[in-house]
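First chain A sits with chain B, and in the next complex the same chain sits with chain C.
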Partner chain A sequence: MFSRKKRPAQRVEDIDPAFDPWEQSRPIPLFVIAIFIALAIWGALNYVGDLAPERASQMPELPVTTTVPDNAPAPGADVPVLVHQGNASVWSCASCHGDQGQGSGQTPKLAGLAQAYIVKQLQDFAAGTRSNESMRYVATQLTLAEINAVAAYYATLPLPATAAPETGANMARGRELNLHGDWKQDIPACVTCHGAQGEGLGTAFPRLAGQQPEYLFSQLAAWKGGSRHNSPQSLMDDIAARMSSADMWAVSQYFGSLQPADVK
Partner chain B sequence: MAQHDSRHRGTSLSKRLLYASVIGITLFGVGYAVYESGSISRIYQAIGGKVDEIPPQAVYSRAEMEAARKNHKADFLGERPRVPVGADGYYIPPSEADIPDGPQGDAIRRGRDIFLDTGTYVKDHVGNQMACVNCHLDAGRRENSAPMWAAYGAYPAYRSKTKSISTLEDRIMGCFTYSMNAQGSPSGVPPEAGSDVYRDVITYMAWLANGAPAGEKLPGALYPKVPKPADGYDIQRGMAVYQQNCALCHGANGQGTTNAEGDVRFPPLWGAESYNWGAGMARINTAAGFIKANMPFGKPYSLTDQEAWDVAAYINSHERPKDPRQTGTVAEAAQTFHAGDEIFYGKTIDGHLLGTGVERSRQ
Partner chain C sequence: MNKITPLLLGAAGILLFATLMLVILPGWQMRTADAPPALEPYTVQQLSGREQYIANGCVYCHSQQPRATGQTFADLARGWGRASTSGDYAYDSPHLLGTMRTGPDLLNVGARLPSRDWHLTHLYQPRAIFDWSIMPSYPYMFEVKDKAGTDDVVVKLPEAYAPAEGKVVVARQEALDLVAYLLSLQRTYPVSESEAGMRDRGFDAVIDSGKQ
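After this line comes the complex of A and B, so read on.
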């Protein structure tokens, strides 16, 4: 007790006259730097592998739009402001989905999806039955009229061709699942509902042909893992749950590789 | 002194960064190796996580059967080839890729095309929008969906419907007469006996049944029998089941779904473009069995027995093309052809006598 009281006096005497308060007394441990470097390598490879936006130089080479719907809007005419400029509260659609609605990686291609399908997805994002934080925010900021307008725009947008990535996925298996399914696993053929060439059917069954393969895979995984709940009658929840990861990757790659020209 | 210090610190900083980089790259390498080795999922599985299961392998595959056939040919007293069955206990039919080349294979392919798209390949004898594959799923392979590999060995057989022996050709003719409503087709009749249509379809069936024993009732044959619920069935409840589970594809008015080109993607369930009153599917018990095991598409056995009966009753309580066997009144035909059946034929619902029929509008 007594010695405690005396301490302040002793401390003053203990101060090293060479003490520099700005000196870095403890350098960052080597191991922490090493972990940061390892994470940086992982992140960089991930970016290069999955998320790098399509290089500008590739864009003009793409044979744009083989299937122009009759009612396609003339370029520049009646494009909703949201598509390229956004507004005060939301960023533009094109900033993520590309200026031709082509998408990239896990961001879906919107061009050529049915209007009612896009409207339903936006409403489901707002309602939370389909989860994606960015899209939840965007969808809650839009009025029904705006949702209808952007959906109508993307529905009539011609299909940009996507370069089929070479990933070594089992394309033959993807084709088999598309055309015949795997009934021993209770997986029906994709063509039954999504159309003979994956062109989609009506408003409930979206186009799959030419969709971004990473996006398709991420959605199958979301259904299987139980984080997406907006499939009518939970059809896709059930089907995805019976698919192996390899099968999900195979069909995703297969549909991603189908070009608009392959589609009627 | 200060200068010396900073120089010293400088070298130590770059040295430290170098060390950190080496360790960092090693760390990344080790992590990647661990990830690729698959040991993460093994540990995940060990602590009770769910990972992809390897699909159950066939108990006796077709490849094993083929090998056993070769051996048996060389040594006919040796072990006989067995029936190829999957882990689920059902016969394994050959897959699309196994269709042989040559004239036999061409006939099989023609039969398959007729089976999948009957209205296109047998235009003159199909009087509605139905095709074989609508009731016999997976191109006639699916168990409990009246698979073709089970039907092939089941004929000729006595049928109470015709009160005579039916050959396989007679039976398929019945499908054209009733399920594909030949009376509404351009020719007005099913393909005549001996037609190439039967020759090709039967060749396709024989190929599917290659390896299945004849005469024996195989597991998965026909549609399963769903016991009639104690409280019977109810059309109103069936309507609710229909709207929740069926209307998405078959339409709110049972009209089915066609795509932009006008091809039928999901068949109509009632009305002029569906099966007629003489079809087996018009019986509630038959439809309930098919629905229970196969519908909604991709969700087999998801409906309760009660729901399956209710929705089957709802679907079959609508008007459809008339029974082609009817010569006198509906009441007489009901007595002659439908006595004792679970069917609304000849009954009056909402003031309408079911069985009077509905004809497709001619374009």
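After this line comes the complex of A and C, so read on.
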């Protein structure tokens, strides 16, 4: 303030007449406005395009396939009617477990399982010691005679061949667990109970060879997680609890890849 | 704001770079991938079932993207199948990956639950099978009739949920279409090496080397 007064401020001729103490307004460049308008139009068109109903004419021609009825093989006299047709409240066995009882994914292969084993599992489903809601639904609505009939049917079915899974399986590890177990983790060898070729033994020890690997894995996980507890003396509960997930998957894939021919 | 042009150019540059790395390059990588030979295109019925899937909001509770065993074994243990790859969605437009898993993953429901009758019962009344289920029932996809016609698909129901006086529940076309679509959800064929390479397999490598 003080110094400003002393400054010779009267030299009007020195002041730049064009000087403006305020920043001049500079218009937004035209091309930026153009981009914004173009984006807005594009967005609006996109939105309208999405609102338009499905343009059926633009859809590619797709092959029309007729659905083939699943119950293709004519049920013989000895095939229980439940297997291919079910009844008024129960779905047919084959609709999930396949026409040859081969299963798929998490649905187990039934062909070649022992009759007593199937009967016990169905009763366990109904009793709740083995948890699966779909199978509990089925098992609670079947009579003992029906359970015996379907179990007998599946026990006599020939084993369908399984395609070897091509995932990066740790087959060597699965084989090692099967033959020798892993005593560092207190895992006994599978062969000691399930048979030299995984063919199963009696009521309690089911066939493993050729079973769906995803099913085997899901059951090991169920034992480990505590949702299945119908193993005699909690055998499998304890063994599975000591197995790592990677080991369970390795051994599941190993047994899934064993062909019926390998067994017999 | 007297440097608006360089600011905008800088922002646009960052956006372009992100678009290039996150959209254009991955898109270009997948453009060269064909649909897996084992994957069938959807039929007309399956496509209209897909419309039902979208219209009824299935995607809000069901995902279609199982995780890799390298990340977790949980999906495999539930029977949801192997980790999906880009080719699995080759005929899906738009894809229905989903973000919520209020219900189970459905990308392999056709392999896990291949029974049409099971699905009809379950759509009509999920509580008939899972007494704890929170899935809505879809009664408007079905019809209660006195007597089933020759072409009608009768829904199998336990006594507790069956209509009274000997009436039957038959599936409308919407239910049959939806089930046809669900049964087509089956991605169990093996994955080619180039397909698998497009996944982030960082987790798998750690697991594998740790297990050697």
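Going forward, the second predicted complex is superposed on the first by the 188 of 264 C-alpha atoms of A that agree within 3 Å, B and C clash if a C-alpha of one lies under 4 Å from a C-alpha of the other, contacts with A are read in each partner's own complex, and residues count from 1 in each chain.
Simple rule for what comes next: a contact is a pair of C-beta atoms (placed from the backbone, for glycine too) under 8 Å apart; a residue touches a chain by one contact, two chains touch by 3 or more.
Just so it is clear, the structure is predicted and the values come from calculations on it, not from any experiment.
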By the touch definition at the top of the document, which applies to A:Ser245: first (chain B), second (chain C), both, or neither? both
Looking at the overlay, what does A:Phe255 touch: chain B (first), chain C (second), both, or neither? neither
Discussion item. Just to be sure I read the superposition right, which of the two partners does A:Trp91 touch: chain B = first, chain C = second, or both, or neither?
Written reply: second
*If you stack the two complexes on chain A, which partner ends up touching A:Phe217: first (chain B), second (chain C), both, or neither?*
second
- prompt: Touching A:Tyr117, do we find chain B (first), chain C (second), both, or neither?
  reply: neither
Both chain B and chain C touch chain A at residues 245-246
Chain B residues touching chain A in their complex are 16-17, 19-21, 23-25, 27-28, 31, 52-53, 55, 86, 88, 95-96, 137-139, 141-142, 244-245, 248-249, 257, 259, 261, 263, 265, 296-300, 302
Listed in rising order, the residues of chain C that touch chain A in the complex are 2, 4-5, 8, 41-45, 47, 69, 73, 76-79, 81-82, 108, 111-118, 121, 128-131, 154, 156-159, 162, 180, 188, 190, 207, 211
Touching chain B in the complex, chain A uses residues 27, 30-31, 33-38, 40-42, 179-181, 183-189, 192-193, 195-196, 199, 201-202, 204, 232-233, 235, 238-239, 244-246, 264
Chain A contacts chain C in the complex at 23, 26, 28-29, 32, 62-65, 67, 70, 86-92, 95-96, 98, 104-107, 133-134, 137, 141, 165-167, 170, 173, 214-215, 217-218, 221-222, 225, 245-246, 248-249
